[in-house]
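Before anything else, here's the structure in question.
Just so it is clear, A, B, C and D label the chains in written order, and each chain counts residues from 1 on its own.
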Amino acid sequence: MVAIKAGILGATGAVGQRFVEALANHPWFEITALAASERSAGKTYREAAGWRLDTAMPESVENIEVVPVDPKAVDADVVFSALPADLALTVEPEFAKAGFAVASNASSYRMEKDIPLVIPEVNSEHLGLLEVQQDTRGWDGYIITNPNCSTIVMTLTLKPLMQFGLETIQVATMQAISGAGFSGVAAMAIYDNVIPYIGSEEQKMETETLKLLGEFNGSEIVPADIRVSASCHRVPVIDGHTEAIWAGMRAKPAPEEVRKAFLNFDPRLGELPSEPKKALIVRDEIDRPQPRLDRSMGKGMSVSVGRIREGIRYIAMGHNTIRGAAGASVLNAELLHSMGKL
Amino acid sequence: MVAIKAGILGATGAVGQRFVEALANHPWFEITALAASERSAGKTYREAAGWRLDTAMPESVENIEVVPVDPKAVDADVVFSALPADLALTVEPEFAKAGFAVASNASSYRMEKDIPLVIPEVNSEHLGLLEVQQDTRGWDGYIITNPNCSTIVMTLTLKPLMQFGLETIQVATMQAISGAGFSGVAAMAIYDNVIPYIGSEEQKMETETLKLLGEFNGSEIVPADIRVSASCHRVPVIDGHTEAIWAGMRAKPAPEEVRKAFLNFDPRLGELPSEPKKALIVRDEIDRPQPRLDRSMGKGMSVSVGRIREGIRYIAMGHNTIRGAAGASVLNAELLHSMGKL
Amino acid sequence: MVAIKAGILGATGAVGQRFVEALANHPWFEITALAASERSAGKTYREAAGWRLDTAMPESVENIEVVPVDPKAVDADVVFSALPADLALTVEPEFAKAGFAVASNASSYRMEKDIPLVIPEVNSEHLGLLEVQQDTRGWDGYIITNPNCSTIVMTLTLKPLMQFGLETIQVATMQAISGAGFSGVAAMAIYDNVIPYIGSEEQKMETETLKLLGEFNGSEIVPADIRVSASCHRVPVIDGHTEAIWAGMRAKPAPEEVRKAFLNFDPRLGELPSEPKKALIVRDEIDRPQPRLDRSMGKGMSVSVGRIREGIRYIAMGHNTIRGAAGASVLNAELLHSMGKL
Amino acid sequence: MVAIKAGILGATGAVGQRFVEALANHPWFEITALAASERSAGKTYREAAGWRLDTAMPESVENIEVVPVDPKAVDADVVFSALPADLALTVEPEFAKAGFAVASNASSYRMEKDIPLVIPEVNSEHLGLLEVQQDTRGWDGYIITNPNCSTIVMTLTLKPLMQFGLETIQVATMQAISGAGFSGVAAMAIYDNVIPYIGSEEQKMETETLKLLGEFNGSEIVPADIRVSASCHRVPVIDGHTEAIWAGMRAKPAPEEVRKAFLNFDPRLGELPSEPKKALIVRDEIDRPQPRLDRSMGKGMSVSVGRIREGIRYIAMGHNTIRGAAGASVLNAELLHSMGKL
């Protein structure tokens, strides 16, 4: 098989490095371009990246020369975007217009009508929007987005609850530091502390969720009729977002019914390389899931749930920079490829 | 004025040391007895305590000889109990029977019908139960209790919301390590982690709150008709419980009305030494309150609130071992003294 | 007594806020000017500071209008400088020339021949350099500096060892995050980690110490003949630098002799307000000093020592932003005032 | 090849779980017995272990029934001991007498004259002591030990320095929490703190190092003539000991010569499964090695060194529960097997 050429936009940041980690030994993709800011362009990736993951930098990327974030400089079939939202806003359409498939982790286009916001296990049928998008915009390529990290972790647990008539969600998050990038949170700010505010995060959880759980009617997404109320907090954890969720459902299922719905959740995607064996892992211990112990399950792609109690209340936890970011985009691209759309 | 003789039961633990700190230079009380386990009895407090607060041990207690937790060994008018619940269950009645006023931070008797569970700013009228208690039990002394730390922080913010017809509460806590005592949480368990479970904590918040906000009808407490649903989590913070609260109210007040209710909350107790100038401090910054920055406000006796949003959602934060434990008991005793009941 | 008018340069940063804390209720000084960058100038201190200490901002400074760092804009007798080194390099001489006494925590002029580098308990006689300085430079005012935070903590323990013929020092530091300012260290960089490098820190410890322990011969400082070798490391601690020190001495004192030298160290300064009762606190417990428990001793102005063992090896620990920075400058200014030089 | 039957003594603790992790998919060994305290015996390993590593428990051990720590109950050729020292003292000889090869991580027998203390890359020739041991004690089996975690990290870096005439070592450690086991350090004790004391640690580093670098003369080990002075500290890091080392050498090599000695250090062991590609990894970045980023190098079996400066000073860092404990014992057993001694 000929490898699909993959570029990474914003390759030196926290999510960008996770993209490199995910793609360096990928069976389908081959990293052919690493793009970053002008400051990095021209350097080798080794020099530019300031590698900060606790695995060694893959040797195959060490000497790749970083290029600018410009369609003309990038040789690839698909580009994975870890760009900041303001930059993504102008750059991603340029790439799509130039014929690239853009799998974006940025928030800029998630809520656009004709741009699919996808978690493969939740709403793969929304990919139908791609045709709408290309028709509307006249692009050769396209943009596909994945949700915000805390939305992904939550929504994977909401999908199996839809059968009970999901009406209301209250969610309190305890989010990891890495969600803000390598330099986003000062140690003096978060150490021995909780910061009860993350910019735009509550709004993202409250809107993205409705689109994800909405229905594609052939031309657009009809958002789900659920009220989501989020309270988002940063805690001193490196990776892994923990979420306390109250789910109000018409059918008023008992905790055990909810547990079974989680256990039976089996969204068959076919054999995608990044797909975990279990999208949801149900923990029956009284004090799990916990981010440090459970974030690496399914190579960081499984979401763990536990403490399902009357309410219905439960805890969800997932790896924010893998399942909640780079892994999410890669899984989207794998899905597209398996459907012949890449 | 002659000082009131004060004993501390469980004087060497995390809350016990906070009692020592609160009482060592108190204008009304004088520490006359420090009681602890057999292992400590006979040693000086300096030897026994393994002092772990970040202020120096008060010189006045250094050479006090620790006595056993036994009414015969304790010379005091009032005893402050930081005993573990199982021990408190048997020991506190012995002290009450022997004529002591027992101001207890233990959970053992909080929900007993004839034992007041009091936060001075919330339900001082419940002290009427003391007569009922002495009549019923034939004790010369009595037991008065204060709530669990996370209940106190929350309930101080609920009191001013009662005017809006409070119906439902959902609360997700992010609780400090010190709540479990000096050795209660292993570093390997909590570092870079969240533990989404604290034994009995959710139940305490769900029941104590109703008693606190209930009405004393002259013979008993009629619990408030509120549904409380709690999800309790330990986070890597040393002191200070942070709570994300959703309050459902019949009157559906706007966030600004709730803010004003918090600002106007002014429970005049008179001049109690441990009473903070403000029971509630309203923070208007978008990212406050925060435990490390705000836990010491009002010498640890103020609860800070902020981020009052539609929902109604808001954040409450207070010092768990001062306002939520030792300071709570001391304030109760001060109230009793000001009413001539000590 | 008429208060001495005090200005703070760099008033919004981590050390600047410690200056405000130290001076707001000072018996001798009155804050009359808060100077900061152009970005802050014109705002009230409340707006500009983003106050981050765990004590409330002193009310007296809340509404002071921040002025630019310019001698013409600052109304004061003495200015305390918490400026970054590059800025201090150009600005501090302007203030000195304009007649201000400049008590600086910046590193820019510490090693200049005619500028005293002073810890009051160690080398107050070096203040004689001020006359040399004014003669040489023709300034009406002058600059006095205090050492780097880790140097101060160490040197206070070295002074009493000089009697044993101090020859060599090896020191491994475990330094707090606050030493790099509020935003200096990213949480992702230091959490669950040690960073074995702090820019210029080793060099500062190796040179400043020799000047501090040197002799003033009436015209210049003859540096002490000691070899200092430092290895500096950042650890996940908020405040308080811990230092493991090996001291090689000609007289080869036993640990108990060293302990007595520390205990007997009594550098009488007279009644300076910021002077702690004990410059050195000797801890005999096997596991002290510890930064979280001991950094606030003497209101952050005492250095704690312990674990004095054969070698001679011992541990020193002190509060880096109080004794090691703002408090150091204030103590220098107090000394100057007590000598009639302010 | 027939697998070698391996038992683990103390299988439920922090090091015991690392043994399980190391052996569960080992090409040579097969876990045939998991032994732990009476409290655990009879339970499945899943029930007994309270698994706390961030990888999932290997499925192959989940249902193994835990047996008591008794030679009669253990079916194995080699046992790996993660027992506490006091228990190891009595139990390990019983196993050796009963014919087991005992690869011990316990400290009890490390300094015994006839018991080898081995790091394969440092002193594999000391295995000759095994014959002396069996002759002397009349055992069918034997005990082989590996050093303390902080000794291993340091000694791997000292071996290549022996060529320069190593005379003195001063070492300040910054040790991880996991070194004390799952419950060994309370969160309240270490959070935002440094504890400048670890029981017996300094003595272990000062004595074990001399034995490791000593010479086997056919009947005993002649200890190396080096003076080691250690100062040991606990810091808030989960895994990975960082050490600041001063090495005094007769030949007075320049830093670059020392760097080359580290780079050229190539202790060929043959193809042992747990042997890392590089025993020492030299980092040239100014701020490395760092425990969180570098502890997993070589699957936790490589020691990283950096910051080689005049002095000679440098930083060494290694994974304390892998290279410093379980991995060390396993590597010893692999070496024995490759030599036909198992």
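The rule is short, and it goes like this: a contact is a pair of C-beta atoms (placed from the backbone, for glycine too) under 8 Å apart; a residue touches a chain by one contact, two chains touch by 3 or more.
Labels paired with UniProt names: A, B, C, D = aspartate-semialdehyde dehydrogenase.
Computed from a predicted model, the values in this text were never measured in an experiment.
Relative to chain C, the chain whose mean Cα position lies farthest away is A. With A-D and C-D as the two chain pairs, more C-beta contacts join C-D. Once the centre of each chain is set as its mean CA position, chain B and chain D turn out to be 47 Å apart.
With centres taken as mean Cα positions, chain D sits 42 Å from chain C. Note on chain placement: the centre of chain A and the centre of chain D lie 40 Å apart, centres being C-alpha means. Shared interface positions of chain A, i.e. residues touching 2 or more other chains, are given as 52, 191-192, 236, 238, 292-293.
The residues of chain B lying in touch with chain D in their complex are 14, 52, 177-178, 181-192, 236, 238. Here chain B touches chain C in the complex through residues 52-56, 191-192, 238, 292-297, going by the rule given at the top. Contact residues on chain D toward chain C in their complex (touch as defined above): 170, 172, 174, 191-197, 229, 231, 233, 235-238, 242, 244, 246, 286-293, 306-307, 311, 313, 315, 317.
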